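Each of the two complexes below includes subunit A, the first together with subunit B, the second together with subunit C.
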Partner chain A sequence: MAGITDLGVGIGWRSEIDLTVERLPGVDFVEVVAENLHIGRLPESVTLLLERGVPVLPHAVSLSLGGADEVDLNRVEHLGGIAEAVGAPMVSDHVCFVRAGGLDSGHLMPVPRTKDALDVLVANVELAQRNLPVPLALENVAALLEWPGGELTEGQFLAELVERTDCWLLVDVANLYANARNIGTDPERFLDEIPLERLAYVHVAGGVEHGGVYHDTHAHAVLPEVLGVLDELCSRVKPPGVLLERDDNYPSDTEIATELAAIRAVVDKHRG
Partner chain B sequence: MVTPMTSQGTQLTVEQVGYLTAGPGRAAETALARLLDAGLVRVSREGLVSAVHLSNCGAITPLEARTLSRARTGARFDQVVRSTAFSTEMKALHQDLLDRRLLQRPRHRNPAWGFSLTLAIALFLLGFVAAEFFLAVPIALLFALWQRGRRAVTRQGRQALLHVSATDRVHNVAVYGFCGKVNRRPVADEFGLPQSVVKMLPLKKHRKRQSSSDGGGSGCSSCGSGCGTSSCSSGSSCSSGSGCSSGSSCGGGCGGGGGD
Partner chain C sequence: MIDDNDSPAARERLAAAQAELLNALLANGPAPAGFDEQRLDVERRALLSKRRGIVRMLGPAVADELGERFRPLFDAYAVAHPRRAGSRAREDAAAFAEWCRAAGELPVKRKARWKFWQSN
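After this line comes the complex of A and B, so read on.
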């Protein structure tokens, strides 16, 4: 995939922190939530970043590609439209479903890791790819539960998804950490099993433990353990990009800059 | 506010300077400016003010606490200023200024005050024809003076402002407002705020001369652009009644006239 071989370190653009994102030193690229933008009426801040040559990558949360419902092509079209509007080399969504039976979960729900569920996911991904102007990357989600009857590990599931659809992977190391904490998955095994050569970029985010459960809130500081998973990933492959996600309880500009610097330090450590 | 400002023995906080300069709206702007300066709130391009972290920590004055509390849920720039300007905390600040005799209850100018003055002059001239008219002159003069109204800021308040100088960007907001300029540079620039954000603050409409506290209908904006001239900060033009430092009236755009 040409054009995203070296994205660098980035941050999720959110309207609440738009001026912060514009001013932060060392923001090499940003990601926007596609559902929050309107084609033809991009926020001034996003336009400004584009004018500066900062790559803007659309990230979707509502395609529900893991769901049994038919993919809503209007949502796919919107995602593609945003990609064209910002000149993005790729778009992304999650390996999850967010609606079923006409109800929206309001949450990224994990997909059962069965062959049948994979068939559904593959069909949906292929349909989306046919209707997108740019390549699609898919992200592993944080899960608080595992569906019974799983036939594949998460790594195997994603590896097969990549093999059958030729999609790219967006690896969220915070989600890997959350799953390790909550459902006992092994991040290292995950990294062993996925095709790292298909890594598009990486997400890093903060979270907090509450009631014995780790919540991937995107509203708390990034834990050192999450950076540890990033470190593990970087020891295996040079990620094209690493992006900090923060969605609420925004800290000061200084704290955000410090988190970006910490991420960059991990990435640079392996660049030797 | 953190930094007391001394002027001829009268200590003014920066919020008080804001209030005396242009009313409760300006004091509210000043509280917001201090929070921005301390990195406790941030403003987006669309004018959304949000708290940095969701705690109320860091607010020093009641006005700041009120402003920060409003920002916790996220609100538009102008709504945050307006909310603080109309708050009970602002009333307390106003009362304090009244107690210190830096402010007084303003009296609106009666449009007929000129007529009363003319009548007094006419009676005076008629006094040369019939001396008994002289007796009515003081009554007419007093009536004219009463109708002329009075500004919200007392002479003592104006004196206190005379030696106030803007020493940092928070003081700049107090004296000139977010919409004002210092050395031709917009105060908003000092906070990295786009003009589109600070222009959310309502502009006071040009008004006809209504009272001394309203001044001369100079079209002072509540956020201070009209007041943000050096002549205002020096107090000279304001004390003449044509400027905007009459406090409550000028702040009315944001704060509804706290002098009342």
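After this line comes the complex of A and C, so read on.
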């Protein structure tokens, strides 16, 4: 199964910035949040981008594949339906759980890095893969807390996941930075431990510090340190694509264009 | 850790641990063993803040009307009514408004204004 190549530099399509995404130069691909779209009623802006030949990759946030609850196949089916509607080569969600014990956290919660959690994750991912029309990539999340009893590093945990499920990896360098700041993960060690040949693409996002804790808000500027992690990644592998995520507190078109250009400059630095 | 490759058993253990964590973070349950309490607090506040922001976005009229009371009222509502799996954000916003009305914090009969909610 071939990966995806040469996506270039992209941005997360959001309805609030649909016109911005359409008119910005240098948007080579976009991602859409699968849960926000309806099959058969794609937003006009997404259709326009598809007509221009811009690849559109569905990204899910609610499969809860790291959760102990049974996988909700309706959610998987919706993700697959969106993939088919936009002709996507790949879909993604996160290595996380969202729901447990009948409650919904409303966020992407880290899973314990134990054999138990890995076994459950692998079983869930395999079930999702069997019900998806295209390959699945899974993303590392930003964690504000550490589970006790971790048996593997985050990199080892993801490497095992790839080994056992043949999934792809979506590496979020802002989450790597957040975890370095908040729970002491070593981004370089992470990059050493994951199978970079299974890298689907990369996420970059902004955040802010509050009271000594770095929050991955997707609502603030991208820190130079996050681009530093991207630089580190690019020194090891040419990423098939890099995508900027901005979800709130939207800045001007110029500011977004500047962030995209900064990302492209890091990627290009390692070319040739 | 119990040495056991049985997947149903692994799933059960994980289910209990994840449920205990969410109960602590979302419903004021006891802190699960082995977690850093300060980190639990940080996470609890982050999840609450995200949920509050979504409800504010979905129901700006309610937030505006409550003004400075919005935040403390929402935080009290949220811990007493953690979001149930399968519920939607707009149901959360509606339930909060209803809770405020029942508590006399908002006048009743505001329904007409809710028709204009954007979909999530």
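In this text, the second predicted complex is superposed on the first by the 269 of 272 C-alpha atoms of A that agree within 3 Å, B and C clash if a C-alpha of one lies under 4 Å from a C-alpha of the other, contacts with A are read in each partner's own complex, and residues count from 1 in each chain.
Definition applied: contacts are C-beta pairs under 8 Å (C-beta built on N, C-alpha and C of every residue); 3 or more make two chains touch, one makes a residue touch a chain.
What you see is a predicted model; the values in this text were computed from it and never measured.
Trainee: Under the superposition described at the top, does placing subunit B and subunit C together on subunit A give a clash or a fit?
Mentor: Superposition result for subunit B and subunit C: fit.
Trainee: Is A:P251 in contact with subunit B, with subunit C, with both, or with neither (first, second, both, neither)?
Mentor: Once the two structures are laid over each other on A, A:P251 reaches subunit B alone.
Trainee: Using the touch definition from the top, say if A:G67 reaches subunit B (first), subunit C (second), both or neither.
Mentor: In the superposition, A:G67 contacts subunit C only.
Trainee: Residues of subunit A touched: more by subunit B or subunit C?
Mentor: Touching more residues of subunit A than the other partner does is C.
Trainee: When the two structures are overlaid on chain A, which partner does A:I17 contact: first (subunit B), second (subunit C), both, or neither?
Mentor: first
Trainee: Quick check for you: in the superposed arrangement, does A:P43 touch first (subunit B), second (subunit C), both or neither?
Mentor: First partner only, subunit B.
Trainee: With the two complexes superposed on chain A, say which partner A:G106 touches: subunit B (first), subunit C (second), both, or neither.
Mentor: Only subunit C is touched by A:G106; subunit B is not.
Trainee: According to the stated criteria, A:E146 is in contact with first (subunit B), second (subunit C), both, or neither; which is it?
Mentor: second
Trainee: On the chain A superposition, what angle, as a multiple of 10 degrees, is formed at subunit A by the C-alpha centres of subunit B and subunit C?
Mentor: Once the structures are overlaid on A, subunit A sees subunit B and subunit C at 70 degrees.
Trainee: Which partner chains sit in contact with A:F97 here, subunit B, subunit C, both or neither? Use first/second/both/neither.
Mentor: second
Trainee: By how many Å are the closest C-alpha atoms of subunit B and subunit C apart after the superposition?
Mentor: In the combined three-chain model, subunit B comes within 7 Å of subunit C at the C-alpha level.
Trainee: Identify the residues of subunit A that lie in both the subunit B contact region and the subunit C contact region.
Mentor: Of subunit A, no residue contacts subunit B in one complex and subunit C in the other.
Trainee: Contact residues on subunit C for subunit A in the complex?
Mentor: Touch list, subunit C to subunit A: 1, 5, 7, 10-15, 17-23, 25-27, 33-36, 39-40, 42-43, 46-47, 50-51, 53-54, 82-87, 89, 120.
Trainee: Can you list the residues on subunit A that touch subunit C in the complex?
Mentor: Of all residues in subunit A, those touching subunit C are 36, 67-69, 97, 99-107, 109, 111-112, 114-117, 119-120, 123, 144-149, 151, 213, 215, 248.
Trainee: Can you list the subunit A residues touching subunit B in their complex?
Mentor: Counting only subunit A, the residues touching subunit B are 15-20, 23, 43-45, 249-254.
Trainee: Could you please specify the touching residues of subunit B with respect to subunit A in the complex?
Mentor: 39, 42-46, 48, 50, 52-54, 74, 192
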